[in-house]
Amino acid sequence: MISWNRYGKARVRLVKVVRPPAGPHSSQPHHLVDLSIDIQLEGAFEPVYAGDNRLCIATDTMKNTVYAIARRNTFEHAETLASILADHFVAQDAVRRVRITTSEQPWVRLSTDGRPHPHAFAQSGSERRTVVILRDQDGAVVTSGLADLVLLKTTDSAFAGFRRDELTTLPETEDRILATSITASWTYRRGTSDYGIRERIRTALIEAFASHNSRSVQHTLAAMGDAALNATDTIDEITLRLPNRHHVLADLKPFGLDNPNQIFVPTPEPYGLIEATIRRS
Amino acid sequence: MISWNRYGKARVRLVKVVRPPAGPHSSQPHHLVDLSIDIQLEGAFEPVYAGDNRLCIATDTMKNTVYAIARRNTFEHAETLASILADHFVAQDAVRRVRITTSEQPWVRLSTDGRPHPHAFAQSGSERRTVVILRDQDGAVVTSGLADLVLLKTTDSAFAGFRRDELTTLPETEDRILATSITASWTYRRGTSDYGIRERIRTALIEAFASHNSRSVQHTLAAMGDAALNATDTIDEITLRLPNRHHVLADLKPFGLDNPNQIFVPTPEPYGLIEATIRRS
Amino acid sequence: MISWNRYGKARVRLVKVVRPPAGPHSSQPHHLVDLSIDIQLEGAFEPVYAGDNRLCIATDTMKNTVYAIARRNTFEHAETLASILADHFVAQDAVRRVRITTSEQPWVRLSTDGRPHPHAFAQSGSERRTVVILRDQDGAVVTSGLADLVLLKTTDSAFAGFRRDELTTLPETEDRILATSITASWTYRRGTSDYGIRERIRTALIEAFASHNSRSVQHTLAAMGDAALNATDTIDEITLRLPNRHHVLADLKPFGLDNPNQIFVPTPEPYGLIEATIRRS
Amino acid sequence: MISWNRYGKARVRLVKVVRPPAGPHSSQPHHLVDLSIDIQLEGAFEPVYAGDNRLCIATDTMKNTVYAIARRNTFEHAETLASILADHFVAQDAVRRVRITTSEQPWVRLSTDGRPHPHAFAQSGSERRTVVILRDQDGAVVTSGLADLVLLKTTDSAFAGFRRDELTTLPETEDRILATSITASWTYRRGTSDYGIRERIRTALIEAFASHNSRSVQHTLAAMGDAALNATDTIDEITLRLPNRHHVLADLKPFGLDNPNQIFVPTPEPYGLIEATIRRS
C-alpha cells in the first residue's frame, strides 16, 4: 500500500540572460540568472505505482515546463519564477501539493578599466592561488598560477567556419555564451621575488577575456596569454587550460516559442578542453 | 606565440549494451560497457588561435565520433575502442598526435536465485549501510537502511502511456535502460534486535528490481517495497528513494546508423526522483 | 628495480594568522593565510623500498616541518614559504629534488558599517541563494535562504565553562578561531512579495557574526538570528545551521616553539553542528 | 527566542578491528567495522544560546564518548553501538531527545589462493579501469591501468627505524593498519593485443598487498610491482601511486582504557603519498 509518495525532476539547470533591447553588442548591461531547480509533486498518483501511467506527468515534461515558463515570464527574483511554476503544477490533475526548490549561483559583474562590464561576469569563490616550486642543487624554479577562476560572457563570442565532415552536426553560431574555469600557470625568471605581480597577470587575463571578440575558445586563450605577457616582463610564457563550460540554447520550438539567446542549459559533461602555452615571441 | 597546444573533448560518456541476437526478452546474457572517454589532439592548429577555424575539428564532432565508432565496431576491451578512435583522429588534417583516455566503470552481474541474471547489474562499491536511532525517555526507535546502492537493467523496463500535454516531448518507449541509486530505510518494530535481517531486505530489493517487468520507476519502486515487506515481518513499512539515472539513446540517424538500444548516453542532470513509503496493507 | 620514485605528504593544511602586536582585541587588522601544501621528494631512497627505513624522512615529520617553519618565518606570499620549505628539504640526506606545491584559499575581509573589519573574513564563492515554495490549494508558503556562506573570525570567540565529565579532554579557550559555513532559511509572512529583503537579512547575519563577542557557536547563532529578525518585520523566525569548522591550534611545544594563536590546522571532520530556530518573542 | 535547537558532532570516524585472541599474526580472521557517526542532542540548552556554557556537553566530548564506548563494548551491528550511545546521551542533564546516525562503509574480505584472507580487505566499488593511448604517425603506445582500488590490511604492517630529527614526533610501530587507494599503470610491449592480461596484473597486485610483511608503504609498493612484473612478460615496468590512508590509533589513556590496536581514527588529510616505477631488472 502506498502510504506516501512524491516525485519530480531534480537539478533542472537554467541560465537566463536578460538582454537590452538594442541588440547583443549594445553597451547596455546584460543580466544573468543561474538556477538549479527541483520540482516535486504529491498527489493521487497511486495508479502509477500499479503500472498505469495515464496520470503520470513525465519528469521530462517538468523540465520542459521550466524552460517554457522561464521564457514566457520576466522575473527579478527566483522566488517569482518558483511561484509561477508552483501555480502551474498545482493546477494539474491528481496534484495535491507542489514543492519547488531553487538554488541560485550568484555571478558578480566584472569591472574593466574601473567600470562595470556590460556582459562579463565571474563566480568569485572557487578560485585558488597556486604555487609549484621545483628545487634541486642548482636552485629553484618558481611557478605561480591560479586555478578554477570561473568567468562567463553573455555575448561577443562566436564559433563558426569550423571544419565539417559527415560526423559534424554542431550548428555555427555568431553569438553564444562563453564560460570557462581558468587554470593558468607561469614560471618566473630566475631571481624574481616580487610575487605581487600575480595580481597584474590575473587582471590582464580577466580583462582580456571580457573585452575580446572571440571566434573560439582557442582565440580567446591566445588573447589572454598575450595580455598576461604584456602585463609584466618577469615571465616569458604562460600556460592556460580552458575547459569550455557549454551553455546549450534551449530548444523551445516544440512549444511555439522563440529563443533569442535568452534561455540556456548549462551542461556539465562532456566538455571541450583547450590547453596551450603562449610564449613571448 | 603558441609554443604548445592541445585540445579535445573530455568526459564523453558511453554505455554500450551488447544484446543477444534473439531479442530483448531472451534469456541470453546482455553485456555492458560503461566508459568515460577523453580525446585530445595536438597538431598544427595555430591558425585557430588567431581566429581562423577552418582547420578546427569541433569538439562536438569528436563526441559524435565516439558514438558512431562505438556503434560500428565490436570490442571486448576499452583498449580496442580507444585504438580505433586514435587511428581515426591521427588521420585527420593538421593532427600530429592523439591521446585517447578511457576510464571504465565496472558493473557486476547480479545473481538471483543463485544464478547470474541475464540483464541486471550492480555497481557494488558506493553502497553504505545506514542507521538512525531516535531515543527519548520513552525508548528508542531504530531505523535501518542502505544508501547509494547502484543498480541497472538493460531491458524489461518501459515508459509509455503517460500524460501528454503541449509541453510534452518525451517519446514513449517499450524498452529502455533502467538505472538507479537506491536509498531505502525501514523502522523495526519495538523490541527487534535481530539486525541481521537487513540482508534479507536488501536481497529482496535487489531481486525485485532485477525480475520486475517495469512500466515506470514508480512501478518498480512499489514492487521493491512489497518484496521487502514480504521478506520479513519485523517491519511494517519501507521508504524508498529512487533517482532515475537516465540513459538517453544516442541519436545516430545523422550518421546513417540505426541504434537498436545499443549506444546510450548516461546524463547526470537533470534526473527524475521518485520517493514513496510502502506500508503493509 | 626502482627506476623512479617520489614520496611526500599531501594536503598539509595551514592557517596562519598574523596578529597586530597590541593584543587580540586591538582594532589593528589581522591577516590570514590559508594554504594546502604538498611536499614531494625525489632521491636515493631505494633502500626504503627494500625495507630499510634509515634514510626515510617520515611524511609525518614533513607535516611537522611545515608548521614549525610557518611559525619561525614571516612571509607575505605563499611563494616565500614554499621556497623556505624547498631549501630545508633539499639539504636533507638522500634528497636530490624537491617539489613544493601550494594551493591558497583566498579570504575576503568583511566590511561592517562601511568599514573593513579588523578580524572577520568571508570565502565569497561557495554561497548559494535558496528558495523553497510549498504550494497547495490553500496557497503558497515561500521560504528563502542562503547556503554555504563561509565566514571566519580570528578572535572575539571563546569556548569555556562547559560541562566536564570523565570523557572530557577539550581545554577551555578564551580566544580561538571561529569559522562556519552558514545555512539559513526564513519564511515570509503571507503576502510578502519584496524578495529583495533577502539582502538586508544577509547583511544582518554577517554583521552579527563579525561583531559578536562569542562564548560559543550557539551564542553567536542566537545573536545572528536576533539580528535578522531585527532587520525586517516580514519574517517571524529564522532557522540557522552552523557547522563548526574547527581550527586546531598546532602543538609546537615538541619543537621548542610557542604558538600564540598564530598557527592553526583546519580539520574537515569530525565537526560540531549547531542548529536552531530563533523566533520573534 | 529559541523555538527549536539541536546540536552535536558530525562525521565521527571509527574503524574498529576485532582481532582473534591469539595475537596479530594468528591465522584466525580479523573483523573490521568502518563507521561514520553523527550525534545530535535536543533539550533544555537555551542558556547556552545566551552565553552560559554550564549545561553544554562539548561536541569534542561526544567524539571521545564514541571511542570510549566502542572500546568498552562488543557489537556485531552498528545498530547495537548506536543504541548504547543513545542510552548514554539520553541520560545526561538537559537532554530530551537523542538522534544517532551511522553510515557504514562495507569492506569485503580479500581472497588469496582461493581462500579468504584473515586480515586483508577491499572496498570494491570505487575502482576504475583506465587506458591511455598515445598515437602518432609511428604507431600507438597503449598504457592500461586501474585507479582507486581501495585495500586495507589490519596487521602485517610496520613502520619503524626511520630517520629521526628534531622535528620528528611520530612513534615507531611494529603493527598498524595499512590502507591505500591504488592507482597503477603499465605500458604493453608493442604488438600486444591480449588486454585480458589486466586481470592477471590486478590479481598479482592484490595478492602481494595482502601477503606482504610490510616495513613501509614503499616496501609494499616494491613487492606489488615485482609481483605484477612476474605475472606477465607483456610489460616491462609498472608505475604505482599509493596514498597512505592513515588510521591513527585512538588515544584512550585519558579515559583509563588501553587500545591494543582495536580503535582507529581514519584521517582524510594530510596523507602520505608514495609513487614509484618498478622496472624489470
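Here are some notes:
The first chain written gets the first letter, and so on, giving A, B, C and D; residue counts start at 1 in each chain.
To be clear about the criterion, contacts are C-beta pairs under 8 Å (C-beta built on N, C-alpha and C of every residue); 3 or more make two chains touch, one makes a residue touch a chain.
Being a predicted model, the structure only gives us computed values, none of them experimental.
When each chain is reduced to the average of its Cα atoms, A sits farthest from chain D.
Taking each chain's centre as the average of its CA atoms, chain C and chain D sit 26 Å apart. Each chain gets a centre from the mean of its Cα atoms; for chain A and chain D, those two points are 37 Å apart. Separation between the centroids of chain B and chain D, computed from CA atoms only, is 28 Å. Contact of a single residue of chain A with at least two other chains is seen at no position.
Taken together, the touching pairs link the chains into one ring where each has two partners.
Taken together, the chain C residues at the contact with chain A in this complex read 76-80, 82-83, 85-87, 89-90, 96-106, 123-137, 140, 142, 144, 147, 195-196. In the complex of the two chains, the chain B residues touching chain A come out as 1-13, 38, 40, 45, 48-61, 63-65, 68, 93, 159-163, 165-170, 215-219, 221-222, 237, 239, 243-244, 254-255, 268-281.
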